[in-house]
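Have a look at the structure below, then the notes.
Note that the chains take the letters A, B, C, D and E in the order they are written out, and that residue 1 is the start of every chain.
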Amino acid sequence: MIEFAVKNAWLVALLPLLSSIVITFLTRKSPVLSSRISRAFIFMALTLSSLICYEAVNDIDYVLQNSAGSLRWFTSGSFDFALSWKVDAVTAMMLVVVTLISTLVQLYSREYMEEYIHKGYSFSRYYAELSLFSFSMLLLVLTDNFLVLYAGWELVGVSSFLLIGFFFEKKSAPYAAKKAFLANRVGDFGFLLGILLIFTYTNTLNFDVAAAQIAAGKMTGGVLTLAAILTFFGAMGKSGQFPLHIWLPDAMEGPTPVSALIHAATMVAAGVYMVAKIMTIFAQATFPVLWGFNALDFIAAIGGITAIMAAFIAITQTDIKKILAYSTVSQLGFMILTLGMYSTEGGITPLGYTAGMFHLFTHAFFKAMLFLCSGSVIHACHTQDIFEMGGLRKKMPVTAITCLIGTAAISGAPGFAGFWSKDAMLDAIYEGNMFLFALAAIGATMTAFYMFRLYFLTFEGEYRGHGHPHEPGWRMKFPLIFLAIPSVLIGFVGTPWADYFKDFVHYTPVVKHATEHAAHHGPNWIVMGCSLAIFTVGTGLSFALYGKGDLSKSEALSLKMGGLFKASLNKLYIDEAYLWFIDKFVLAFAKASSLFDKFVIDMIVNVVSWACIGVAHFAKRMHSGNIQQYAMGVIVSVLLLIFAGTNYVYIAKQLPIYWVWITIGLILAVALSVLGYFGNLFKKILDSK
Amino acid sequence: MTLTLYHYLVLAALLFCVGVYGVLTSKNAVRVLMSLELAFAGVSVNLVAFSNYITPGQLTGQMFTIFIMTVSAAEAGVGLAIIFNVFKNFQTADMEKISTMKW
Amino acid sequence: MAVDSSVLNSLFLTLIVFFPILGGLVQLALPSSSVAKKIPHKVALGTTFITFIMSLILAMNFKPSTDPSSVFNFQFVDKFSWIPVLNSNYHIAVDGLSLPMVLLTSLIMIVAVLASWKIEKMPRMYFFLMMIMQTAVYGVFTSLDLLLFFVMWELELIPMYFLIGIWGGARREYAAMKFVLYTAFASAFMLIVFLGIYFNTGTFDYVQLVQGSKAFANLGMGIQVLAFVSLMICFAVKLPMVPFHTWLPDAHVEAPTALSIVLAGVLLKMGSYGMIRFGFGLFPDVMSAKNTILDLSFWLACLGTINIIYGAFLALAQTDMKRVIAYSSVSHMGFVLLGMAGMNANGLNGAILQMFTHGTITAMMFLFVGVVYDRTHTREIAKLGGLAQQMPIAGAFFVAISMAGVAVPGMNSFVSEFLVFAGSFQNHPYLCALAAFSVVIGAGYTLWLNERVFFGPLPSAWRGLPDINKIETFSVVLLMTIVIATGLYPALLLDIINPATKQIMMIMGIPA
Amino acid sequence: MWKDKSFLIIFGVFSSAVLMLLISLVFGSVGLGKDLAFYFLSGLIVSSAIGVVTVPNLMHAGFLLVLTFVSTAGIYALLNADFLAGAQILINGGAVTIMMMFAVMLTNSSKDTDKIPYSYEYRFVAFVLSGLGLFLILILRTLGVNFNLLGGQMVSWAPSSWAIKEPISVSTTELIGKMFFEKYLVPFEVASVLLLMALIGAIVLALREKDIKEDLIETTEEIKELEEKVSTK
Amino acid sequence: MSFAIFAPELIILITACIVLFGEWFFKPVDRVKEKRGRNIGFVTIIGMFLSLGTLLGFKSTNFMLMESFFSSDKASFYHSFVLDDFALYFKAIIVFSSILTVLISFKYISEKIRNSGEFYSLICMATLGGMVISSANEMITFFLGIELLSISSYILSCMNKEDKKSSEAAMKYFVVGGLSSALTLYGFSLMFGLTGVIDFPSLASALGKLSQAPQPVSVILIIATVMSFAGLGYKIAAAPFHMWAPDVYEGAPTPVTAFLSITSKIAGFAAFSRFLQIFTNDLANQMIILIAIVSVITMCAGNFLALVQKDVKRMFAFSSIAHAGYILIGLIPLIKGNYDDFSSVLFYLTGYIFMNIGAFGAIMYFSKHTGSTEIESFAGVAKKSPFIAFVFSCCLVSLAGLPPFGGFTGKFYLFVSAVNSGYAWLAFVGALNSVVSLYYYVKIMKAMYLKDPEESIKWELPNAALTMAAIISIVGMLALFIMPYPFLQMAKIGF
């Protein structure tokens, strides 16, 4: 069974696609059946990927040797573009994460989405799109070449687009979907160019081969750095890094389970995954291009900015999902920042790489769970504003507890999963760059603060909303509870003392090269202390301000903070800046070019035709109707032709032959029309007498 | 000063040009016809002169002239018929008024 | 369905080319009483369907070249003497370049006939003209004789004029006239170049021209470039290349739906086909000249990039649904230019595939504009919105079409655009990078259109609109199947195209 | 009656015409005053031709046309074209001009038209074109051209010489008659067809409609009417 | 002397005489004037067919028993009248075009023209003139042929006697024609003066010798050439000698317009072709440039002025001017002595007959029903008479030089000949002009098909003759496109 799973790893991706196709074409009309089919298929995929992961943990070499496969997709010139796949450690991990969370979310959705079904939305469509997403994500994860990666990359974008715009009758949802797609596309633009650069230089699309070629010196210096940075653009778009993060909060317009799956756990992690997967290329892109920055510097800088910016914005948001969204952005920023760490020796710190992956791993669980909790809350309260909630702990204890676990995990409460991964990240940053460490520490503090703010405002104090919230059914509760377990425990696979995760993950040929020389080091107590402090400070502040359900303190503080508060509340005006840019530049340019097209290019065409008609209108006057006019025309023509003919001998000596005649012809034509015109004049003079 | 070919040629050219001038300026259709005859006469003089000086004894030019005379007579006849018709329709033989079709 | 090729070889292609005209003549012979029963429509559908089947048989019996040394792989050759005085023959055949175009034509014509199912004004005449046009288009794609090519090229003009002029929208006369004059103007250039080629080489035959004296190869670069540019102008108008594109939006906006489908789906390809066939085939030295100041591939790339970006921006600014798609055609056809400028197998493969993909996708786009227009009688985007609530299936399809339009993987446009980028990036990285930005703008206008027409709240005026009917569904499913099938497995087409591309590369003297 | 200007002109024209003819014939045969005759005749031709196109009265113009033609006949005579001279007087000087006169009278042309000539500017343009342009080109370019460059080379039985020859004296009538039926038979026949055609044409055009109208039965209705009439009778 | 070579002309002449008295002959037979007119027309056609048959017989039996035939000066009328392939072909198409012209004019003539006998007689005479021109080998016959054609055309233009326009047209045609004749004659006289000969072959060799002559002679030669050119250019309505054409075409009775635009034009080109043979050496080069420039002006003038016309007949005048421009291109190889390429002119003229016959037939038919020749009055006629409208459109497409009709092949072949003579730019100008011409041809189609008629009653079907002419026209155009080779072979003649 395990052997089958490993050798047919493509099945993991194919199963959701099959379910998507079956739902679309066969069971479109029966929602419940569709949901069952979808869940069954994803569960099969989960089973397969678990087996693969199990085998990978057991015997990674076996998986590496047996899981690879390739199909000729198409041939251009003499180059075969292949659909190829391969499972390595990171992939195995991602497979499990994706299928597991997909399975849970699909189960959760069965109940969560029911009320929308009654409103006329198609359940089948929902599940088909979810399956499609799973397929795309798994394709992205499974492949080992750039083209298919890019294909999966685009496809997750598409399914995300579809799912964000699920409530298509709202004005905001399609808008958000479009925004998400476009922001992603901006990143993809760079990604595509990066791939093209790598392809052009190395003449291969395979990660391993490309890395080897680069190592062999086929691509060096600025070009490589440029290629790496361009490729990273893709990650920026997909993982919501500054300045392309704007789509992610808006993407919360989609159904909450979708947010949990796509915009928290899996798709947004694709950027991080991609950077990790082709880390060797990044690691070799050490040629400084801009102000001495190289590719990893760039990555780290972007990650750092994103982490702190998103955290800052999250502090003041009132929409529960937006807070979580910004938190996601921030956490992704941490991961990216960590990935961008390199040791002073010029090589990559394995810690940065593994810590980033580790956080990706843990974050997937607790963030998905947090989103599902928020879904549960929204499901109960029919609002997303945390100021209209409060005191829900009594009414929804399971949700509250799981949410608390998630909050603790993400804030880095000691022992929880987030603590270990965050600690590992801070450790890596600490090794790399102190300034960035400080930045990360502040960011982490803010994380603790706003996450507990969310928890307190939602579950503690008095209920401020209307209606009667209550616990959801088992289909929604089960995922919460199920995810709570790893949120607490999973961190223990990667403690500084026994870092199984690191051992597992870095045993990936792609990154092996870069990481093999790295030493195994124990816990960094300073960092751990910092982590503790961060958690304590953040949580404490939050408790002080919101813990008792009393909002007056926080309001006073917000008034005191004035500008900062506003900036945070308005998301640093980045959206407005984008809109301004699009409106004032892009659309204005489009309108200008439209006018240019209409009044210049098209006008030239029209003017030519008008000119023809105009010339004709003028020249037709030579047919004045007067007979003697015509006779005169004959005589004039004869004279002109004689003149031209008799002087042609002389003229021809100086000028090329045709020009003389063409000139004479023109003179003749002009003379005739002038004659016609004046003939008419004479007639007028005559008439006036 | 003896008579040369050029004397006749100049005369012919003058006659021809006067004819052309007449065609261009006459208001009356009949006078246009007369002017045309003048132009033909000019051509005839030319031909006869050439015949006499260039191909003496061969009479080519004279034969040509005879045919031109025939044609000009026929043309005059037809022309006059046309002028009658025009006169019937327009009640005038004014060249300037015979210009309803234009442009 | 493999048939003995010796049976097929004689006159089979001729049959395909002229079968539509037979159908057209049947139209003329139909009594006027048959109109009420939609007999003309059915006859037309039958004709196009049979030609489609025949071209499928053709495609199945086509053997992609395996001979690496030959520069031709013309099959189903029909060659008869036509005007011996001019050494001009009736010479038609297909190769890997023209076969996809023939298939595309057959396919699009079926869709076009289905899209004109509601035509009630003089249907016999309508389908007659359409069938003539089909023959002309087939002729263009299969002619190997320059004179025959020119004839077929011109033959398509007048039917198109009438089709736009009689069955078109409000400003149809202007649009039709503009189309005709523009194209005729351009073909004057082609005529002269062909004449020049004839007098330089004494033949109109493409095969002989490529094998023997390459058009103007003996006359020095100046003349070659001049001739090449003249020829390109002709094709550029048809393509349409900025700044010769302004006839296209007018023609599209005024043309009936079926005509827009044919225009965008097939007729534009005539330009790019001509460029590849004759630009590359007859002027390899010009195209591959790199050492001169006139690096034509650079200019081609420039123009392609301008087409792509400028067209995309124009599409962004339009308020008329059909205009958006018309300008998107301009943008997408720019990819063909860009691919050609790549001067390598990837670029050229991409260009040829892009011709096919754009044909299928834009046809669907225009089909849907027709669907919307049929029901709402407006194409003003501002007036539309939320139609997906009334027409869920249409909405779903339109999303899929938009996705195909923005080159999402799984759709064939993804492959073609990637190949175009991959090819042109090698030669002109900066221009390619600029052009690649269209993935953003292109997504912008397509999805924006999608959002404004199908999504969001439903204006009360559009309540009670019927969803798309079976005929429209069939058309779109047919095309979508092709799009996805060739998108998932592009080798279906590329295995035909790629050998031809290699041969073109060989003509150009570039190692594939 | 004697004071009538037109009578004077008619008389003057005819008398001078006869005089011209006589002078030219006499001078020509004697061979003395050919120069004189030429200058005299050409002066007459030119002045009367200018008169034709300028005198206000069309009748007068017609008479001057006769004078021109007759004088031209004199020139022909000077050029050894005796048959032509006679034919010119008969055909042009007689028949054609008389037709013109008729036309003038029938169209009342002498009364109303030509009272207002074309504007001065227009006539000036015409004069420049024809009088100066055409004439000067013809004259200036013609003078000094050796027209006999090819001499007799092209003509088998003519004496070849580079000099411009004096006119020779041969009676042409007989020769012309012969040539009509030999060398110029085809043109002769064509000319006869042409005259026939002109005849038909002139008749067709000049025929009054009412002359041919009465005996025509136009339509089937009329036939029916006729038949009815016959049957009722 | 063998009068047999006159057989075609004589048959036409006899026909002319018979139909002249046709009214009188047929009066006892047909009391209805309409029928009588038709019968006279039939007689004309029969006569012309006989003539055509004789011509074809000459061709097929290889009548050029020239060895014996031209053995003596006398037998060949001193070379004043030749019957070579060139003449045969031109005569054949002239007679053929006359037949078709008569065929489409039956209805019009019997309805609108009183003296149908005389009318047909004059048509025959004009045709005869054209035939004489085709065979003329010396200036006098040539000139007489032109005059025979011209004078009968003057009369024909005037045949609508009550119509102001008709007589005005005749007047214009006559005055300009007379002046042009005078100019031509003056030019001829100068040429005669320079060489002393009037037959074309001797003239050619003489002028060939003169072309090396010192400057004054060459100048006077240019003057003579230009003046004769003016007269001939007037005949084919080449700009700038075209100004009479629109008015005359508009005013003349429509059958006459058809005749002028087809038969008369073909005869004009016969004249041109005959005349141009006398230019050799340097003179030929100058002549080529003259023709090139005139053809450009003609094309442009014709096409551009046609753009703004409102009357179909007038538009067709400009169209025929433009076509004269195209055909002039084909005369360049003639001057160069490249007779193979000159066949493009013959081919084009053949196609031109078919195109214009269909067009004028349709114009006559439509204007009879609409009572006007304004383009606007043709609105929606396609609904009333689909067949004729279809034929008309085909003719227009062919005139514009688009496939699949003979107009395309012809024009292409003309351009081929231009490029072959080294005048590619001329072909280019021609091609661009065709584009311009497309505009106004399409304008007519637009009126016919795109506009709606005022009332939707269908018209009576066209009569058999017109239907036949229409079918001949469309079949001819298609045949010239699909299998041009036989026609090209026929047109490819040796001199």
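Odds and ends about this structure:
Going forward, a residue touches a chain if its C-beta (ideal position, glycine included) is under 8 Å from a C-beta of that chain, and two chains touch if they have at least 3 such contacts.
Since we're looking at a predicted model, the values are computed, not measured.
Under the touch definition stated at the top, subunit A and subunit D share these contacting partners: B, E.
The fewest steps needed to get from subunit B to subunit D, moving only between touching chains, is 1.
Of all chains, the one whose Cα centroid sits at the greatest distance from that of subunit E is A.
Among the chains in view, C has its Cα centre nearest the centre of the complete protein Cα set. In this assembly, the chain whose C-alpha centre lies farthest from subunit D is A.
As a whole-number value, the distance joining the C-alpha centres of subunit D and subunit E reads 30 Å. A separation of 43 Å divides the Cα centre of subunit C from that of subunit E. Between subunit A and subunit B, the centres computed from C-alpha atoms are 92 Å apart. Each chain gets one centre point, the mean of its Cα atoms, and the points for subunit B and subunit E are 26 Å apart.
The set of subunit C residues that touch two or more partner chains comprises 181. Across the assembly, subunit E contributes residues 140, 144, 147, 151, 154-155, 158, 161-162, 171-172, 175, 179, 190, 193, 196-197, 219, 223, 246-247, 308, 439 that each touch 2 or more other chains.
Multi-chain contact residues of subunit A (touching two or more other chains): 609, 620, 623, 625, 627-628, 631-632, 635-636, 638, 642, 646, 686. Pairwise chain contacts in this structure: A-B, A-C, A-D, A-E, B-D, B-E, C-E, D-E. Partner subunit A is touched in their complex by these residues of subunit C: 178, 181-182, 242-243, 245-247, 310, 313-314, 316-318, 344-346, 349-350, 386, 388-389, 392, 395-396, 399, 403, 406, 408-410, 414-415, 418-419, 421-422, 425-426, 429, 432-433, 436-437, 439-441, 443-444, 447-448, 450-451, 454-458, 489-491, 494-495, 498, 501-502, 505, 512. Residues of subunit D touching subunit E in their complex: 137-138, 141-142, 144-150, 152-155, 158, 182-187, 190-191, 193-194, 196-198, 200-202, 204-205, 207, 209, 212, 216-220, 223.
Those residues of subunit E that touch subunit C in the shared complex are 393, 397, 400, 402-404, 408-409, 412-413, 415-416, 419-420, 424, 427-428, 431-432, 434-435, 438-439, 442, 445-446, 449-450, 484-485, 488-489, 492.
Contacts from subunit B toward subunit D in the complex involve residues 1-11, 13-22, 24-31, 33-35, 37-38, 41, 44-45, 48-59, 62-63, 65-67, 69-78, 80-85, 87, 92-94, 96. Residues 20, 23-26, 32, 95-96, 98-103 of subunit B are the ones that touch subunit A when the two sit in their complex.
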